[in-house]
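Note that the chains take the letters A, B, C, D, E and F in the order they are written out, and that residue 1 is the start of every chain.
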Amino acid sequence: MKTLKVIGMVFFALLVAAGAFANEINAAQNAVSIDTVWMLIAAFLVFFMQAGFAMVEAGFTRAKNASNILMKNLMDFAMGSLAYWAVGFALMFGKDLWGFIGTSGFFLSGGDPFTAEGLWQLAFWMFQVVFAATAATIVSGAMAERTKFIAYLLYSAVISAVIYPVVGHWIWGGGWLGNLGMVDFAGSTVVHSVGGWAGLVGAIMLGPRMGKYVEAGGMRKVRAIPGHNLPIAALGVFILWFAWFGFNAGSTTSGTNPSIGTIAVTTNLSAAAGAFTSMIYSWIRFKKPDPSMSLNGALAGLVAITAGCAAVSPTSAVIIGLVSGVLVVLAVQFFDKVLYIDDPVGAVSVHGVCGAFGTLMVGLFAQAEYAESAGIGTINGLFYGGGWSLLGVQATGVGATFVWVSIACLGLFSLIRKTVGLRVDKDEELRGLDIEEHGVEAYNGFQIFTTQ
Amino acid sequence: MKTLKVIGMVFFALLVAAGAFANEINAAQNAVSIDTVWMLIAAFLVFFMQAGFAMVEAGFTRAKNASNILMKNLMDFAMGSLAYWAVGFALMFGKDLWGFIGTSGFFLSGGDPFTAEGLWQLAFWMFQVVFAATAATIVSGAMAERTKFIAYLLYSAVISAVIYPVVGHWIWGGGWLGNLGMVDFAGSTVVHSVGGWAGLVGAIMLGPRMGKYVEAGGMRKVRAIPGHNLPIAALGVFILWFAWFGFNAGSTTSGTNPSIGTIAVTTNLSAAAGAFTSMIYSWIRFKKPDPSMSLNGALAGLVAITAGCAAVSPTSAVIIGLVSGVLVVLAVQFFDKVLYIDDPVGAVSVHGVCGAFGTLMVGLFAQAEYAESAGIGTINGLFYGGGWSLLGVQATGVGATFVWVSIACLGLFSLIRKTVGLRVDKDEELRGLDIEEHGVEAYNGFQIFTTQ
Amino acid sequence: MKTLKVIGMVFFALLVAAGAFANEINAAQNAVSIDTVWMLIAAFLVFFMQAGFAMVEAGFTRAKNASNILMKNLMDFAMGSLAYWAVGFALMFGKDLWGFIGTSGFFLSGGDPFTAEGLWQLAFWMFQVVFAATAATIVSGAMAERTKFIAYLLYSAVISAVIYPVVGHWIWGGGWLGNLGMVDFAGSTVVHSVGGWAGLVGAIMLGPRMGKYVEAGGMRKVRAIPGHNLPIAALGVFILWFAWFGFNAGSTTSGTNPSIGTIAVTTNLSAAAGAFTSMIYSWIRFKKPDPSMSLNGALAGLVAITAGCAAVSPTSAVIIGLVSGVLVVLAVQFFDKVLYIDDPVGAVSVHGVCGAFGTLMVGLFAQAEYAESAGIGTINGLFYGGGWSLLGVQATGVGATFVWVSIACLGLFSLIRKTVGLRVDKDEELRGLDIEEHGVEAYNGFQIFTTQ
Amino acid sequence: MKLIIAYIQPHRLNDVKQELYKEEVFKISVTNALGCGQQRGYHESYRGVDIEVNLLKKVRLEIAVNEDFVERTVEAIIRGARSGKIGDGKIFVIDLPECIRIRSGERGGVAIG
Amino acid sequence: MKLIIAYIQPHRLNDVKQELYKEEVFKISVTNALGCGQQRGYHESYRGVDIEVNLLKKVRLEIAVNEDFVERTVEAIIRGARSGKIGDGKIFVIDLPECIRIRSGERGGVAIG
Amino acid sequence: MKLIIAYIQPHRLNDVKQELYKEEVFKISVTNALGCGQQRGYHESYRGVDIEVNLLKKVRLEIAVNEDFVERTVEAIIRGARSGKIGDGKIFVIDLPECIRIRSGERGGVAIG
């Protein structure tokens, strides 16, 4: 949907450019300013997600690996910014080739400060780069506490530069899925599923952390490896929730879009509902309301509403959130206890599974009145008389993304494994990545049991 | 004051609606966009207060209860959002009944995405829900470290659904206090006093934490139970101060309101002055400048200016802040050492006492030139020739709120005490709510003395 | 450059004032609203830097001094706000005297809420006060872990009230450097170098922390004193990066300025590049990628781009960032291992050195097309055909600022040393400032080794 | 002289200290410990996975006393720490041939108090 | 009775506990410690300055046992903790003349288990 | 063999370590402790309420040495830790009948160093 918006903006910006540079004040030009201001503030908020992810991932893992995970979160944004500037943005939003990939605008070459279009591109890049970085940073959670730092740097750059932009082009950049009519307003699939599935492939290829699954008498026993700092993990979730308002409502890329308020409402309600049902459901299943599950539940609700935030009613948002809160607990259990895939922070369940779920839900809950007011066309989901077609397109998008990301990541991680290596060795893992990879401790002076 | 604003907005939005949907760009429509953008960003900031409260409350209490307090902060927002969506918003802003309560708009039924009014309602709900959650979350601090989790869930939902909306209706929703002319611009009374008084009733009914007041030789000795993490508490205060700009300046619900800058200034100066005098006064009284008191002082200044931020001059704001910084220290001492009411984070003093104080100060310091520029009418306080009338109205509001909240909470907490129980048992309190209520530790692996 | 902007705004605000107060809606008035909204939100973000600095400085120092550093960060903003309201703003932006100092507008006397100009002044003060506080807060990092609290309060008030405003007047307030044509768009020199050089003088006069440099056999050995909490330090850097978008893009003080997007892009790219090269360079030199250096590197990139963010291309921003990331590592090593100046958090290197560096870079990389679109005139650096003149002016500004700040701080700190004393005594330093100066511990209950 | 080592429940520390004060035993050293004894631990659960916590938080006291103080000290600890429930703890008493006060260099019984 | 004090590598704690369980030694106390022994430490670096870390993280076990359990316990610890590398740790055995169970007041050998 | 237990001021640890090195005592174990002795503690205040802090931070050393090293070690600790002020600490010396190196299984005096 962003494509249309971009093209619209550019066209309209050109119209008013004369006025703008003649230093007269007119309404059209003010509208451009409002849109730019809105999009930039949203971009700043989405940038702040980096802090949220860093805190969540550090808090949910062990103290001995905290510096390492923080470094990863810092560097994926730093390198991702450079990679997306050099290559990613061009592949995603450049001149379309066969509906598959963009081919122009490397190194932000389109950002001419003398044209309204160029100025808009610069602001638009700012908004897009933080999305690219979000996709990349999700992966670090699923692969935490055992991945080599150098391996992380490499794959995270490739995700920002290539793997994410390809999906982005398909859905937002004028590619085949967008042309089919897929609706992924703010990126349940583009951003979150991409990150989630990349993490899934990575977690499988790495294998579990030492001591996570213990073979005893032919039986595999699952052991918990609790995170070391719940307060900062909770802070991270609050930061993410806060930033998500920029993520979703900002994805109009326009402050004059009349539905920005509606989007904020659906976003908030789904997150609230997700946290609520995760808490209740974990209470029922594990006898106690589990804090880390409830935190995951809020994120699940946020991820799930991201695709449809502009196209569903507040009531539908509540329903989507309620379901996603249960779904995320089930998914975490499934990956951990059935598939024995070790995902320390639940990134695959939150971003991969709930991202796919949310994208499909658009096919059920989309309502024309909401979608129209947001300017994304007259679409209706199955429950509102739109029939199966939208659901089919959504499912195609979910499937195609899964296939692309899996294959690309399989290749990427295999290559890394064969060259620099993917996983630290046993002793390094035992003693902690902070000391082994970075020569520092995260909490100097604190007495911490590192027996696990 | 918000009522008028809302009605004004809606009217004016209708005027321009034709234009808006015909996709022409005109100034009136831009103004609506500016207002919506401003109000939404303010709402996002106010949401972020949840993170601030969570950090302050966790930091000021013991490590063994940290997960519990974080869960409470998360769930009061999650459940509060759902409750305010289903019921609270309707009671607060629905069709007025006898000046006492609203009666329409349950489940956001007024949020029609096809009308400018409906769209405004959605955005407006987003702004209001974060206020409702703030009122609810204040309570958790006063009742920290000993309240049953289930009890917390219940009362926090009721506060967001009923107790807060009633006061909100009286003052902001077209109710009797607003009609009398009470000025509580951003909610010193509506939000903060409601939270503070609810916490007061709760803290009394719960009784003090074990070991807080020790009977020795007929004498009651007061003991300190220091918080476990000052850095996150300080972070919380910075987050709250940051978010407060949204709270106060956003309460214009309009970015075209010419006084948003003035409000930011008064807000900032009062907070600065409050922190300053708290520091100085704690230095004089306790020989050392007390960090937690100084942090409370900043909050005291913020709470106190909230009612009058749009109606007083910067100089008056400094005075209000200076006084509130001393007041909060006195109040903390009074509740702790005279009344033996155990309020772990000082919530009653900060939000209850300083909220009431700030509301009264409007009756003294209001100045027509500031109030007019903010669009809240020609009002003057006692010091600026307005006589006693405004002060009287303000006092009525403060009193009425206190009475309503006390009675309602007394009933509510009694009911909870009789049904699910209000307080955890002694062993649970000793071992910590994290393990007993949630089965987890907040700081896994850290060696922490839990002898207290 | 801000001067021009201010004057322009005021003029134009007066033009539209009639309309504004007649409650008609017109485009000119909307533009003022957009500018105000943008500037205020940017101001809020810059305020949030206080949280960032507090976390960085606390995290990079020892646990036994954490409360103290937090108190310092709180109080410098509180006192700085009051000082800047009473005096600083007037000295900086008041009626010019000999190009050296402002002389009117004490106690915000120009903030008349009935005129558009007065309203703008209030909003503008809000934006400026957070800059003043940033300059002051930088100093606390360089002087951490050994400065008396009372000494800190005094000098931080003087910096906000006098030392910073003087430089501010020279460059932004209509003073001689601004008139010479110096370009320091958002304050590499005005804000960061001032803070950095003040910290340098302070660190020299205080001397190193005990145990930092050990005399052994005539040789001076440098010892590391690691920070105690890397997660909050990293959080602090993310907060600063987030807030910096407000710092730089907000320095247009106008949301209708077409280059706000461009500024966000240059800011982000430079930070990313700085973090990247710091990581790489620390890897090469110290064998392991150093987290605290990488965090400093991001800040170095941000500081360095601050002067030229509106005047250079994204590609130039990348280059500036890449160099500053290496420069900061070299500077830290130089101050620590060659000059034996103990700067616990690297504030002098990050803010002083990279601030000066960034200011000079404008003389090389400025490009007329970017500068013009931002409204700061037709300027070109050496690399873009502008010759040596701009570089000369920039160097003059850097030098003059260094001289003024050094002399003023030398006097100030000497005076403080002779009166209340500058440094705590040995035993206080050993046991920690938290207990000695504030009578509290930052992490109550945690077992922490305080052997160092 | 004897060195008395006691493991007690953390929340009993204050009571034990008070009982020791009554017996005029003012000098003690305290460390954090994890203990595994008759008290079987309990189950936490993290993200739905059970954690068997069999290392429970204890506080370890070390008190050096002269012979004539041994029984009084042991009794005081018992009075302060006993709740009658499993997990109350243990006291170990070992011989202490030598004790030196660092400040003064004094040795033996005089250095202990 | 004997009091066995052992310093082991932190990540060996689980193995040692398991070996002790096999020998039916259920009661142990654990503390965190820093150790400086043959294992020479390693170099960290912070902001480019070397830190010689010669106090390495160890876990300290304290186990009171009756005479007939001493060898079994020592052997179990060795089995669980030995990797053959420097830093594996040490075991100290000291005499324990008295042991008291706080809960019941029982003394001597019966109180130990 | 003897086991030397010493409580010292935390900030003296480096000095003590250096003195021990000079005497060629390289192997020590360190734990955090809280101590309550002649040094009466001090008053903190939190939110205006006094906290009497009578458990002060100390560092506990444990050093196993052969007989001929005992005096040298004790002297070294005293040199490193003494400031002459109350709170300097205590040294306790107890008998150590057995010592085992986990890595090699060696026992007795040879295992100690």
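Keep in mind that, in the parts below, contacts are C-beta pairs under 8 Å (C-beta built on N, C-alpha and C of every residue); 3 or more make two chains touch, one makes a residue touch a chain.
This is a predicted model, so every value here is computed, not measured.
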Q | Pair of chains joined by more contacts [C-beta pairs], A-D or C-F | A | A-D
Q | Selected from A-D, C-E or C-F, interface repeating A-E by over half of its contact pairs | A | C-F
Q) So, what's the distance in Å between the C-alpha centres of chain D and chain C? A) 52
Q: Report the inter-chain centroid distance for chain D and chain E in whole angstrom, where each centroid is the mean of the CA atoms.
A: 18
Q) Mind pulling the chain D residues that touch 2 or more other chains? A) 31-32, 34, 44-46, 94-95
(Q) Using the touch definition from the top, which residues of chain B touch two or more other chains? (A) 27, 30, 34, 37, 41, 226-227, 229, 232, 235, 286-288, 290, 292, 439-441, 443, 446-450, 452
Q) Looking at the whole structure, which two-chain pairs count as touching? A) A-B, A-C, A-D, A-E, B-C, B-D, B-F, C-E, C-F, D-E, D-F, E-F
Q. Which of the residues in chain B end up touching chain F in this complex?
A. 222-227, 282, 285-288, 290, 292-293, 329, 332-333, 336-337, 346, 447, 449
Q | Partner chain C, residues of chain F touching it in the complex | A | 10-11, 13-14, 32, 42-46, 57, 59
Q. What does chain B use to touch chain A in their complex?
A. 20, 25-27, 29-30, 33-34, 36-37, 39-41, 43-44, 47-48, 50-51, 54-55, 58-59, 66-67, 70-71, 73-75, 77-82, 85, 107-108, 111-114, 116, 119-120, 122-126, 129, 149, 229, 232, 235, 437-447
Q) What part of chain F is in contact with chain B in the complex they form? A) 32, 34, 44-51
Q. In their complex, what parts of chain A are in touch with chain B?
A. 27-28, 30-31, 34, 37-38, 41, 45, 62-63, 226-232, 234-235, 237-239, 241-242, 245-246, 249, 255-256, 258-262, 264-265, 268-269, 271-273, 275-276, 279, 286-292, 294-295, 298, 314-315, 318, 369-370, 372-373, 443, 446-450, 452
